[in-house]
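Sharing a structure, written as structure tokens. Questions coming.
Labels run A, B, C and D following the written order; every chain starts at residue 1.
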Amino acid sequence: MEKETARIEAFSDGVFSIAITLLILEIKIPAAGSGELSVQLLRQWPSYFAFVFSFAFIGIMWINHHRLFTHIKRSNNALLFLNLLLLLGVTAVPFPTAVLAQHLGQSDQRVAAILYHGTYFVIAVFFNLLWRYANRHLLGDDVDSAATDKISAKYAVGPVLYLACIALAWVNVPLSLLLNVALAVFFALPLHRALRVANK
Amino acid sequence: MEKETARIEAFSDGVFSIAITLLILEIKIPAAGSGELSVQLLRQWPSYFAFVFSFAFIGIMWINHHRLFTHIKRSNNALLFLNLLLLLGVTAVPFPTAVLAQHLGQSDQRVAAILYHGTYFVIAVFFNLLWRYANRHLLGDDVDSAATDKISAKYAVGPVLYLACIALAWVNVPLSLLLNVALAVFFALPLHRALRVANK
Amino acid sequence: MEKETARIEAFSDGVFSIAITLLILEIKIPAAGSGELSVQLLRQWPSYFAFVFSFAFIGIMWINHHRLFTHIKRSNNALLFLNLLLLLGVTAVPFPTAVLAQHLGQSDQRVAAILYHGTYFVIAVFFNLLWRYANRHLLGDDVDSAATDKISAKYAVGPVLYLACIALAWVNVPLSLLLNVALAVFFALPLHRALRVANK
Amino acid sequence: MEKETARIEAFSDGVFSIAITLLILEIKIPAAGSGELSVQLLRQWPSYFAFVFSFAFIGIMWINHHRLFTHIKRSNNALLFLNLLLLLGVTAVPFPTAVLAQHLGQSDQRVAAILYHGTYFVIAVFFNLLWRYANRHLLGDDVDSAATDKISAKYAVGPVLYLACIALAWVNVPLSLLLNVALAVFFALPLHRALRVANK
């Protein structure tokens, strides 16, 4: 049933690659004759920040999704639906990104940041649901349970720390975004070590 | 001629994944300085509802398309065209979704709901045409006709019940949307049982 | 070097599937409270016509592209560039489609129709360039030159007849669109016969 | 670990094909009744120029990416991230393209041109980073180092010459765009010769 997983991966790759490419559409084009172009471009810094940030998040999500599916050997209906849930979260990212871009540095930036962190929290929950189900039911027979337990532990901190981002946003929005960046680095990095272990 | 089907599936996967990802673009970004952001975000609830709903519909359509093509072994020109018809319906979904999002809870919500259900009705008809043609001409030699007859019966109720949604929308719009949701669950669930049977 | 062609086909499938799915974005969403929704929806008939028409055109182009690449066995740099030229034309389709949708039935519909037919003329030229080059240099050794000559002849009429559409648009816009539809059917149908011959 | 590279290539193809297709969305549709359509269409020439130009750039980038990955045999985490960096640059292209289209021929065209060249400079740097890393760590054992050294030399001139475009834009914007076009041709052509050598 490997072909089954192949088409899930292909569909997911499609959704990830589209969601990551659509982000650029949310950056507004300054109209001609509406003021100094360089000033207008610089004033849009929150849009560039949000673009790069969400690009990195979706990219790292894709890498992690990619990694999970090297472990998942079989497919079933539940996997299809849990994967769709995850993709629902991923395709939603351009919306909170654009809201953050519009409101960062404005009076309403707290609400925008909470919406942003909240989306990531939900995605992290869906990611854990997918992995936990697959881990229990769909891995190969030669599974290294020490390795998969480490993966489970790593992903389990995601929802908790994105909740911390939401809480932190009430106190200090820039700090909450910094924590969010740190989380992205965290989810990007350990893979590297895992790979090094796997290659031994 | 298996490669033939492979490219149809790849192209269809592309269209499904793009259509499902474009849905988010229809949600409007509240402008800075046009009122309390949290209020503006909450007032857009029909957009979120329509987004999640259409995402689920396209996702379930993809799963069903996926499932059909595990049965379809050969390809020909008629299949290409019938599949294009189905994709025409799928790519159209963002339009009635956005119309519904704009008008749900407004005075014109009945027309928006009928357009929405009507699109699904047309897609259900195209889906049946595709399956019925493939069932007669393009399955493998080892086809289990008891199983394919059950598939035919399941899909045949689709157009009838989407017509019922249209009729119900004349009387009560929220109720018609509820029936539409129930239909999505119906088309999602039986696959699970089918799979369980297939795995025995 | 078959893998080479595989990635060209995959990239082309991606572009075709995105271009065909973006068409729906050009249909405007009637705003709430700006008049009777049903009237507004009906008034947009040129948008629906243009959507279905361009969808059919891109879909048929994809089928033909698909068919050509079952003959093309090898790849080189020239093929990559000629294929990119063709894709340039295909990705441009949403623009003349939207212009036609905006202006059909208006005083400026002639210019819009000429732009529309003109785009198709250019695409037909690019399609011929691609096929003629591949036909001479990149087919397999077991090529059936009687069959490929028939393909060449069929595609050669494309540019001529799209020029005729442009000329006809000066006299009668609806008639020129009808000829364009007939051309789409022409490019869709012969494949069927070709297939029947190929299957003998 | 070849499958690893396969999914990177598939994801990259997805991003390239979407970015190249989104370019058309930046061309504005002249509204009905806002003046002579033909005049409005002609006045938009910078949009067409920018569309064709960016299409060619992304297409040539894709061809070069494609070519690199025929040499890259293995994958690791660093490659995933360097490839994401490159894709970040590629997905950003529609933005400077639209800014250039809006401001070319206007008083602010210098800033728009610098933003445009600057984006290409950054992409060229990312491209070199990706190639240099892969060249050192991820090629096959049978690598022809004379050939790969030529590839390294060819790509190394990219960042330098895009910097020259930026400098030139301060003096003369059209001339800087001409140099940019010449660079695209340069990156397109040598591949052809490389192929001819490779086929001997």
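Keep in mind that, in the parts below, a contact is a pair of C-beta atoms (placed from the backbone, for glycine too) under 8 Å apart; a residue touches a chain by one contact, two chains touch by 3 or more.
Computed from a predicted structure; not experimentally measured.
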What chains, if any, are shared contacts of chain B and chain C? none
Over half of the interface residue numbers used by both chain A and chain D, so same, or under half, so different? different
State the superposition rotation angle between the two copies chain C and chain D, fitting on C-alpha atoms only and giving a multiple of 5 degrees from 0 to 180. 90
Inter-centroid spacing, chain D versus chain A (mean Cα positions, whole Å): 26
Euclidean distance of C-alpha centroids - chain A vs chain C, Å: 37
Numbers and ranges of chain C residues touching at least 2 other chains: 10, 14, 18, 22, 25
Make each chain a node and each touching pair an edge, then name the shape: line, ring, star, complete, other. ring
Looking at the complex, which residues from chain D come into contact with chain A? 7, 10-11, 14-15, 18-19, 22, 25-26, 76-78, 80-81, 84, 87-88, 91-95, 98-99, 102-103, 106, 108, 111-112, 115
Enumerate the contact residues on chain D facing chain C in the complex. 9-10, 13-14, 16-18, 20-25, 27, 29-33, 36-38, 41, 51-52, 55-56, 59, 62-63, 66, 188, 191-192, 195
